[in-house]
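We just call them A, B, C, D and E in the order they show up, numbering each chain from 1.
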């Protein structure tokens, strides 16, 4: 645009972003990779090699947890989409003015507190001596205390809760931009609610759906607190494994390899999602 | 579908019921967290043992209130300190990025934009460990070479700030860019035409126009920084921000002090959110 | 409000396609459409013309089924449409901003309605191609909608409706978004398409020129009511109410008082003091009544001799050269300002500010209505 | 391209406010403005009229200083402006979408320029109030800009410039965003404001009617070049090029071939075969040359007798009733289509499709240009 | 000076800090943690960020060998008279690396069983946690003490195998099978001291492998719950003081060590943390209830049967880690 304005201004604007991306994103990841390909051969002695990656593939625990995390994250994403879409649609298309703003803000409720507090809230609700168990007993629906914490369902509840906002917001934004007259036109031309949803609303909302899904998937995949605190003894999460390698095993090399694999996985799934939905990262994520 | 397209009453009714249930689901955990901040029991759970404010003001063990928990008070201060820096840096760099991407064309722009979005698809833990690993190796190398200590490159507040900044900046850039995109460049030209200097035009016209976005992204940055856990966990040194302190406490076992802190946090976030909202409606 | 029965100019059909009787729509306390009744014969082009906010869109949306009337009936091809959902009505609508589906290509847009009806794929393709050809756009079905021009989009929107062979096509200011030149062009083209499809069109607009050029009949709407229904010629030359006289076409508005009544001949004195003689059949004005006189700029003639009625001496206060549409403003002895269209022939083209001119108009060319009390 | 010297109609000043000589702007290989030269005398209203993309905005932005010319000179009040930044030029600009600062109230908008000059606060307030009064908006300075109407915004934009007492005011299609009725109104008002401030206005537009109504002089621009500079009357009635004849006002375009030359009198045969006699002074056409004939719809007369030149028999193919601007299309014996404006008097109002009419036009009312080779 | 203390929950009660700050003018910032995290943090900071840390004595030498994160203790600045001599010298032996001593003892205690005797009186050894009678109401940590405790209870001797990797691996494999089979019995693996106390107090868990102190604290509220020294022997640990390599407040650190080892202060710590200290006469001021509970849990035979942790050889933890991972993963 301003091709003939001062170059100095341009470079001054360019400097911060280059510095940021280089120093905090690119170099650290290069560093991470380098560490991930060093093997410990003795105290304070390292060699270059792919042993850490080999360890990952040779230990079923690692790759099973990896796969489990990926699958659960995808599941959480799909669930969030299914639960969030009707809400976003309701806010965008069936409410106006004050109600709309209020409902929209109410979707932000979980964001008012840290993930830790949200998870803590779910722990109070779900535990054996918790609110829901007591309520069910009080209502006479169950005889004794029921344990709802420490299982995969609790993790799902927590993951969906934590990320629903990031699904609803982009969906509301894109659905808002869908002109009501397009839906009316669909009806006028004989469409039913289902066919209009399928042929008009969803294709229009696709960028929002994809960007919401990417964010939710990333949040779930990278989540640490929810699976740790709500999950049970079988509920392993890959970030937990990374944490364990870094913190309790002092094995930064293997931890780095895990980190790198997780990064690869997330990029792969996001890339596949974008390809399948024929969206581009810049278009979906770049629109806030 | 939409209000102008007639629908069966039953379907409408079901839809509304679902929406209601959904919002109950959203409100539930926070409500219980708040309510149990007042339970006169050392364990934040049923049964209800009566109302108390001890978890805020108590001084007698085990009823030590938030306001007397030094670690928590200190970590709130730490969090605020981190949040201010992160939001200040993120907004500053975000504003530069907005001008760069909206106002300039250059080779590699699309690539750079993609790179800018990258932090959105890097899990927070990975950002944390990569910065940790990188800065440690850098520090080791520098220390070996110079014999000096480079404590800034070791886990601590500087790394926490940098780590959070590394992905929050993307959000700030997007919010501010979106607003700048809506800016009509002829406004700036009009200012030049009326005798303003180039910087004067940006200061008097463009920046005030961007202000709502700048405020919004500052608030969002503060909230994100306050609640960040994954990245921070890996980079924290001896000064831990609130979430980390709370996590450490929670690992020891949940106590209603955590409920009390959470209640305070909810109130602060709500107030912040309301303020930025009011600010924006006033501006618009 | 009388009940009008209209007939398409060259048609004489048994019963009309669309009949509205006493159609009313209230939004809470506000009445947006007020007991509107009309009939539209098969194959005719019916326009509803009125200022912004008068209720045109609300009326059209009731016909399409997106609003339900508070009271009154609505029949299409003799069947009442009350309670029938929009997707079951034999009407199609062209929306103000066209509402083409941006996620589909042109062929899919046009084929949408047929797909809803479950028509076979090959049949859909055939009929889509056919209707696109009829609107003059053969072979564009693979294009995206942002790859065609504004005027072409217009035609696609019409094709999308016409492929369903609706009984009535509703159009809500479809030319509003186009630029001036294209709008001029599409005006003519729309009329041609309507004639070619021989479908009943109900067209709403606030642009009098669109209504005048295209319509067989025009209803002029104001404040939710129909003020007049008639042919373009009638509406322009024989406005029934002061509102119609002021809204359709340009006019000098003069406030006056009746000073003499002689059969259908009135003599009025303007508030400025000049005397006007007007032939006004079927009026109820009496001596002393206040009246509003409407006089079109092109009805006033510049002349060289004093003979005839309504001749006065005036001074040119401004000259607006605008090619064939040039006009001048003059001030007569009593201070009244009049806008006068200059003859297209170019005579009087060299008038200058301050020149003195003689003006004249015929008593039957002015319209005169009882002034609303203020 | 000759070098024109113009004079404001009632002025005779020593040297002009704005002089452009051979001003050229290239964007890479594309020449947006091509050796344009003109002078604008102090206090006159100068319009640049041309189709979209012809380079108007580029030219204006060079004058304002937002683009630097590739070559040529630009002088304001005798001083060259080459290399002077926009904030140092004695020109002000009214932008297409007005560019009022949304974050400031009206007073702050109007006072912006004075603040940049470091004028004292009380003096600013005084002068802002004064200029707002002159544009007819006293006491609005505390309002936000979204609290006033489109027409009022227009006036605020002008006030914001005029408070700086610029030598030249540049206006880039400032009426483009307004709706039809308001645009008609603002046309007249702008001209009045210009006269009141007695400031030089350079106004660009693609709407011929704006240019015709307001300007002292019009430059018609096409493809980066000026095709003609002249008074509105000249441009409309004596277009110098085929482009001007076609762009300004409505015209029937007829392709023809010269069959006889008799001094300034030409005889041409249209491609359809009808004969036309045209008086065309200063043309260089010879027998056998191909020519393009322009004939305004209002220059064609419907008549009842066969006498005179250029009379022909034709059949009405369509009637476009549009009040005072009604027209018909006729097809003559040789198949040529002609658009004819119906007299505003309402005679011939009852013509119908298929009627037979006699048309006539005067040899001096047609324009005729050498056809560009194709 | 500011003393940044990296320690266990309960080792630095607020009242002690207040007294210390009043007396010395230093300020104290406490970060609570556990062995692994202490080492991990110090590793990440290369021995910086903290001025004094308190890992267990068995984990010091190997971490020092691997990462070099501590600096030697200057014994001349420690008031040796305050320490029970046998503990001081035993700790010194176990934390010596390349001739330097890196740790002095502070708090000692055991891990064993905390049992709600009203419902689970049959739990008397680690392996009893896998009994069907307490299915779903059992908890333990998924950490190395659990492996070792179960090994002893299964009749193995893991400490003896510390220097024989293969033998140790065999032991681990046996324990792995046991713990994997036991998994359905477990409600959740606990992490922090208060967490397991909450689980026991609420009745969600009735038997657990845990620290002695937790059991005694619960006993104060609910007489049914108490610490039981397992038949195979409680596991004895000593938490120490170490100086991180890049601590900046050594003066304050030595001041703190010498301050908390005073008998009256040591007693205060014992009263909050629940464990006894290595301070001479440290038990004098301890309240009688706690002493009674201690004696209730440990008769002389039980005390003699305590298995004290020897220093962990470097590399052993990798084996244990893999075992723990497999248990975690098993279904």
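By definition in this document, a contact is a pair of C-beta atoms (placed from the backbone, for glycine too) under 8 Å apart; a residue touches a chain by one contact, two chains touch by 3 or more.
Protein names from UniProt, one per chain: A, B = Spermidine/putrescine transport system permease protein; C, D = Spermidine/putrescine transport system ATP-binding protein.
Not measured: the values here are computed from a predicted model.
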Topological distance between subunit A and subunit E, in contact steps: 1
Farthest chain (mean CA position) relative to subunit D: E
Comparison of B-C and A-C by number of C-beta pairs in contact, larger one: A-C
Distance between chain centroids, defined by C-alpha means - subunit C, subunit D (Å): 29
Cα-centroid distance, subunit D relative to subunit E, in whole angstrom: 92
Inter-centroid spacing, subunit B versus subunit A (mean Cα positions, whole Å): 16
Distance from the mean Cα position of subunit D to that of subunit A, given in whole angstrom: 59
Multi-partner residues of subunit E (each touching 2 or more other chains): 202
Subunit B residues counted as touching two or more neighbouring chains: 4-5, 45, 132, 250, 254
Junction residues of subunit A - those touching two or more other chains: 127, 129, 184, 187, 246
Pairs of chains in contact (touch as defined earlier), listed by label: A-B, A-C, A-E, B-C, B-D, B-E, C-D
In the complex, subunit B residues that touch subunit D: 184, 186-187, 189-197, 200, 204-205, 208-209, 211
Residue ranges of subunit E in contact with subunit A within the complex: 36-37, 39-40, 43, 63, 65-68, 142, 183, 186-189, 202-204, 314, 317-318, 321-322, 325-326, 328-329, 331
Of subunit E, residues touching subunit B in the complex: 4, 6, 9, 14, 29-33, 41, 44-46, 48-50, 191-198, 201-202, 246
Complex contact set, residues of subunit D against subunit B: 64-66, 85-88, 91-93, 95-97, 99, 101-104, 112-113, 116-117, 160-161, 164
Contact set on subunit D toward subunit C in their complex: 180, 188, 207-209, 212-213, 232-233, 236-237, 248-250, 296-298, 301, 318, 320-325, 341, 343-346, 349
